[in-house]
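So, here's a batch of structures to check.
Here come two complexes built around chain A, the first alongside chain B, the second alongside chain C.
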Partner chain A sequence: MNNEALQHWNNSLTGQSEGLSSTEDLFSTRRKAGVDSFQKNGFPGRRHEEWRYTSLKSLSEEGYPACLPHEGNLPEVDELITSSDIRIVLINGVFRKDLSDLTALPDEVRVEGFSDFRQRANTQEIENFDRMLPLSDHPFQSLGDALLDDGLVVTAIGNTDARIHILHAYDGTDTSGSAHITGMIHLEGGARLEILEEFRSQGQVMGNTRWGIHVGDECTLSRQRILRPGCDVVFHGSRVEVGKAGLFQDLIAGSGSRLVRNEIHVSLNGAGGHTDLFGGYVSDGDEVVDHHTTIEHAVADCTSREIYRGVLGGKSRGAFTGMIHVHQDAQRTDAKQSNDAILLSRNSEMNTRPRLEIYADDVKCTHGATVGELDEGALFYLRSRGVSLEEARRMMVRAFTAEVFGEIENEGLREQIIEQLQAAMPASECVT
Partner chain B sequence: MSEAEELQKLADKEYEFGFVTDVEADSIPPGLDEDTIREIVKRKGEPDWLLEFRLKAFRHWQTMEDPAWAKVKKNTVNYQDLIYYSAPKPKKQLDSLDEVDPELLETFEKLGISLEEQKRLSNVAVDAVFDSVSVATTFSDKLAELGIIFGSFSDAVKEHPDLIKKYLGSVVPYTDNFYSALNAAVFSDGSFCYIPKGVACPMELSTYFRINAAGTGQFERTLIVADEKSTVSYLEGCTAPMRDENQLHAAVVELVALEDATIKYSTVQNWYPGDADGVGGIYNFVTKRGLCKGDRSKISWTQVETGSAITWKYPSCILQGDDSIGEFYSVALTNNHQQADTGTKMVHLGKRTRSTIISKGISAGQGQNTYRGLVDVKKNAEDARNFSQCDSMLLGDRCGAHTFPYVEVRNPSAKVEHEATTSKIGEDQIFYCNQRGISTEDAISMIVNGFCKEVFSELPMEFAVEAQKLLAVSLEGSVG
Partner chain C sequence: MSENEKEGSMILEVNDLHASVEDTPILRGLNLNVKPGEVHAIMGPNGSGKSTFANVIAGHEDYAVDSGSVLYNGIDLLDLSPEERACEGIFLAFQYPVSIPGISNAYFLRSALNAVRRYREESEVDAVDFLQLVRSKMALVGMDEKLLQRSVNDGFSGGEKKRNEILQMAVLDPKLAILDETDSGLDIDALRIVAEGVNALRGGDRSFIVVTHYQRLLDYIVPDHVHVLSQGQIVRSGDKTLAHELEREGYSWLDSGDKPKKSEADQKVQEAS
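This part shows the complex of A and B:
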């Protein structure tokens, strides 16, 4: 990062952070730590091992430092077909009770804005928060800490289930900027939640979202994240702890974002815990899609499954880093990971980095990675039966991503996402 | 004798090759600065251009830091405490084996590589490096008839300066990494091999390296050039005496294959791994790289790594020529407190280049075994193909097996596949064997050998036998 750009960031950050801390002081130490950490480390370059494939250089030199204004409009896109009956809207990082619909919320489930939470949180809750989202020298975490303001806290305790649609909207039509959202989800006592997280954005906007998630014993959290076309810079980080016989399922799908970095850290802390991580994307132009996952098998008898699939065209770049860490004595672990990519153009690029770290002997761990183009033989087969080239490619990409999107139970939503990805599919240069 | 008894016998004895030959060594004092390098050059009678090369490398090395990225825990090496030159004093000019220091010959016999025996029976030419200076070179005359140059690096510098000047540092430049820079600055000796156009080398070329003289870092340099349409198979094997202090070994191996040439490089590495408590052992930090320079050239690396306290080694292929082929077959075994961070890099530059990676890691005791590899398909590498397979086996619940592959693809016509699995020996497998009267130890030995079969089958016959034995010995005590 050049000095001028860095100075601009640092000044802007300090000013805004102090502005936030002047109102109340429960989190001011944390904000200060965030500012210090960011000022010390800045945006990492590609020499940093964790950021080897994703350059943040463009972020440091553009108009992201200022936070977006609290007021803004919902970007116009077609509504997602969802079975959720609870709708939560955040615009430019601010929880908008007036636009949300919480009438169907069961008694056992509580939803509040993070700005409310941080004004009333007790010591125990702050300790929980610090455990779930520990301080780190991660650039987006530091920014999130420095500008800790609003977000969402969802708590579900007891034998209950709920389906929640969270809509993150960013309106950067008048001015460019960033929004930083801090969220917590806390499930206990066998609660089951389904969360559909949708991202809509227009203009030059950096959306920085991070979640600290606790899936207690025998609880289930099933999350789907959809990035609608037109998003600019999206960072999404989750730290998840899963208890005994807990289940955490995650799926991320999207197209048309300039830079996506998705980080998930799942720690399986109780026997019988399971996690599913899925991702599917299509990229074009000079987009960057970077999935970065870590699964910690901390105790015995847990299982995990990971499938990420991407189709890349134009000059876009894809990256996948998937760590599976099996701790000592985490016997009878079963972990499966696969990452596959199709390159449609000469200038697209895929970098994949599966990692296994295993310290227990009675484990089954596999990972597989493939990179290639659409199979010419299969295309020829389809074309020789009168299927047009474009249609044949659509069919093949559909089949390629089926393993990921087959996980979406709601058929309407599934078709809608596949349609979004098909529409975003770049013309192939490679196949004639 | 059943295999189990044999294993027990092997398990009961101390490291077989742990002895120090008492030869009067001609060493220079420990420490490293430009004067040390000048002294090495003076003692070896090297030309000025080589001094320049060494000094440039040394100056560059001073700007570098000891790398810390490998997944190993090591003691800091104090480079000023090492002795950078140690040569056994020749009693007189060596013309034939009879004139070689009898103590040295005895050492080789203990190692099972009696030169006469080798000469007479196995049709293998041996260039034995005893510490830093080649003592005897066999079969040179026979090879010379075909125009093959095979001898010590020092001799080649004197006799074939043009070839050395042309290829030294062309595959592993001194700027490459910390250890290759150090090696370029202070390399002691090693082997040089040149196969002329159209010649298929009629025998396996082999070098036995051996570290001796306490406190000597050994820095060999090997350079193999295979000219157009030539073929060569090269064997490297190592044993080292028992030491309590960590000994550093930073070698550089460069291979160059021109058009239609094939180089096969096989290694069985069995250096002292330290005792059962992790005390002592060799630090094996080696840079090995092959350049497939010409079209349709092929370089194949096969390694069996069972020794050393720490192994840090990534034999790589730069696939520059169109249709060139790179292969990497590896078995790495870590027992007790051994650590290995090993793998390969396959850099695809040419069109239709192909590479295969088969890596088998076995961890036992508290051993930590890491596969680290890179498959890099550059933009112009049309129709490149890679297949990688990394399998790990864990024996015991206190060891670790890690896999860090990197796949970077910049050409859509590439087909890259990577697979990794981790397993242990199933109780059902053992039960099956026991039921048929095979003891647990024998069963494990069988299963482990089966696990490594794909790699062993790539080894030359005599090495394959040695490798299987080594594996059994190295696994001793790991069967619980």
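This part shows the complex of A and C:
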């Protein structure tokens, strides 16, 4: 990124960060560290190994450095079919109690805005926060730290179940900008949460969301993230620690976003822990979809599964980097990773980097990556039964992502996700 | 019957059809006329062009039509996309049915049925009506209902795949069905079940073209006409007894160029061309 562009960010950061730190909380050191780190490192270029396939150049455009105003409207999109009556709304990164409905929240589950949390947090809670989201020179983390303001803190302790729908809405119609959201999820005592995180956006907007997640012993967190069409820049980072017999399931689905970078770092810290990381997308035009995952098998007897599948048209690019790190003591690890892509056009591109580091000797680790084209035989078969070429192509999206979305229990939601992706299927380039 | 009346009553008229695959000519002047309700068998050795013919009629893009014409109910078939042909009532039972992991057989069948119904300006069937329809058709072909929820042909046995083809045929209710080597890979029991399914769909104006290497299938699906395809042309036509003759004599006479004497079974089906 050139100096002038960086200057926009730096000016913007200093002012905004200082403004935030004039409020009473214990996070001003953290903000300062974020500003310093970003000013030192800026956005990495594509020479940086971790950003080789994703250019952040467009973020130097004017408009992004400013924070979006706290007020904004909900972009119009069909409501998702969810099975949750607990609904949390964040607009432009601000937790909106007035638009949220927490009445059905069980006693064992607490939800509060991050700005409330940061003003009341005690030293131990801050230590906990620092452990779950450690300081780093990661550009989006640094921005999140520098502009630490609002977000969510969800705590569930005890034998409880809840389904929560979180709607992130970004309104960049009048003024472009960014929103930086910090979230924490803390599960203990066998709690089970399902979280559906939905992203809606309009206009030139960068949504920077990061989560620190603790899935305690015998707890379950099932998370589904859905990027609705029309998002501009989405950064989403999660650091997850999973305890004994804990379960972290994650799914990300999307289409029609200009630039998506999804980073997940899961550490399986207790025996019997399991994680599922699933993703499915359809991309077109100049879109970029980059999934970047790390699974730490830190102890013995944990299992993990990763399946990411993308259908890429136009000049869109996909990237997948999947690190599986099996520590020396992590015997009897069972890890499966797969990444598959269908390229619809000559100019679409997929880059896959599986990375396995295995230091234990009794492990099962498999990884596979495929890049192919639409199955012409299947297309003809469908057409020979009367299905039009375009519908047959859309059916192939359903077929290809079946493994990713097949485990979504809510059939209505599953269909809605598949239909969104099907609708994003680029038209065939040569109709015959 | 005058020539004109005869023309008008044809469901399929193939005239001097030449087609090639990857620039290799396969069909070299094929002529065939099929009337509504007739069952025609096309026999011939491997490489004679049987499957090419079936795929050309269905509209497979790997097969290029170089010259000639195909009229289906009087319209130019070669002008239509594969899906238009299907909607117009042509059905190809594949020699090698394609498996589509991730699409359930039920979803596939309902999508196909509704696509055809939309084309015919009929209302789409909902899940309940569809299930009722498909169950009755599954009974017809002796198919296990569990196969409805499985992915299309994925992990199906050879017999299940072929039955699935006949099930699709029964659901889509075509006017002209082409069975491409439906007998290949089937044991005698599976063959009988598939043939019974086909026979149950015979009748009325529905026409069949049964493409097969062996006469065996024709014991169960008894054709009105039998044609021998060799090097991309129909070289002999007759009634069902021709199939038995071929069973006895094989196809070697085709290679020697030494045509066996015309049997009494011969008919001049190709006269119109």
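Here is the rule we go by: the second predicted complex is superposed on the first by the 424 of 432 C-alpha atoms of A that agree within 3 Å, B and C clash if a C-alpha of one lies under 4 Å from a C-alpha of the other, contacts with A are read in each partner's own complex, and residues count from 1 in each chain.
FYI, a residue touches a chain if its C-beta (ideal position, glycine included) is under 8 Å from a C-beta of that chain, and two chains touch if they have at least 3 such contacts.
Just so it is clear, the model here is predicted, and its values are computed rather than measured.
Asks: Let's test your reading of the overlay: on chain A, do chain B and chain C clash or fit side by side?
Replies: Superposition check on chain A shows chain B and chain C fit without a clash.
Asks: Between chain B and chain C, pick out the one touching the greater number of residues of chain A.
Replies: Residues of chain A touched, chain B against chain C: more for B.
Asks: Is A:Leu382 contacted by the first partner chain B, the second partner chain C, both or neither?
Replies: second
Asks: Quick check for you: in the superposed arrangement, does A:Ala402 touch first (chain B), second (chain C), both or neither?
Replies: Only chain C; A:Ala402 stays clear of chain B.
Asks: Which partner does A:Glu391 reach: the first (chain B), the second (chain C), both, or neither?
Replies: second
Asks: Looking at the overlay, what does A:Ala360 touch: chain B (first), chain C (second), both, or neither?
Replies: After superposing on A, A:Ala360 lies in contact with chain B but is clear of chain C.
Asks: On the A-aligned overlay, A:Gln331 touches which partner chain: chain B = first, chain C = second, or both, or neither?
Replies: After superposition on chain A, A:Gln331 lies in contact with chain B alone.
Asks: Looking at A:Asn11, would you say it contacts chain B, chain C, both, or neither? Reply first, second, both or neither.
Replies: In the superposition, A:Asn11 contacts neither chain B nor chain C.
Asks: What is the angle, as a multiple of 10 degrees, that the CA centres of chain B and chain C span when seen from the CA centre of chain A?
Replies: One gets 80 degrees for this angle.
Asks: Considering the aligned complexes, could you tell me the closest Cα pair distance between chain B and chain C in angstrom?
Replies: It is 16 Å, taken between the nearest C-alpha atoms.
Asks: What does chain B use to touch chain A in their complex?
Replies: Contacts found on chain B: 69, 377, 379, 392, 394-424.
Asks: Per the contact definition, I'd like the list of chain C residues that touch chain A in the complex.
Replies: 58-61, 81-83, 85-87, 91-92, 94, 97-98, 100-103, 107-108, 111-113, 115-116, 119, 151, 168, 172
Asks: Using the touch definition from the top, list the residues of chain A that touch chain C in their complex.
Replies: 375, 377-378, 380-389, 391-392, 395, 398-403, 432
Asks: Chain B touches which residues of chain A in the complex?
Replies: 49, 328-329, 331, 341, 343-346, 348-373, 430
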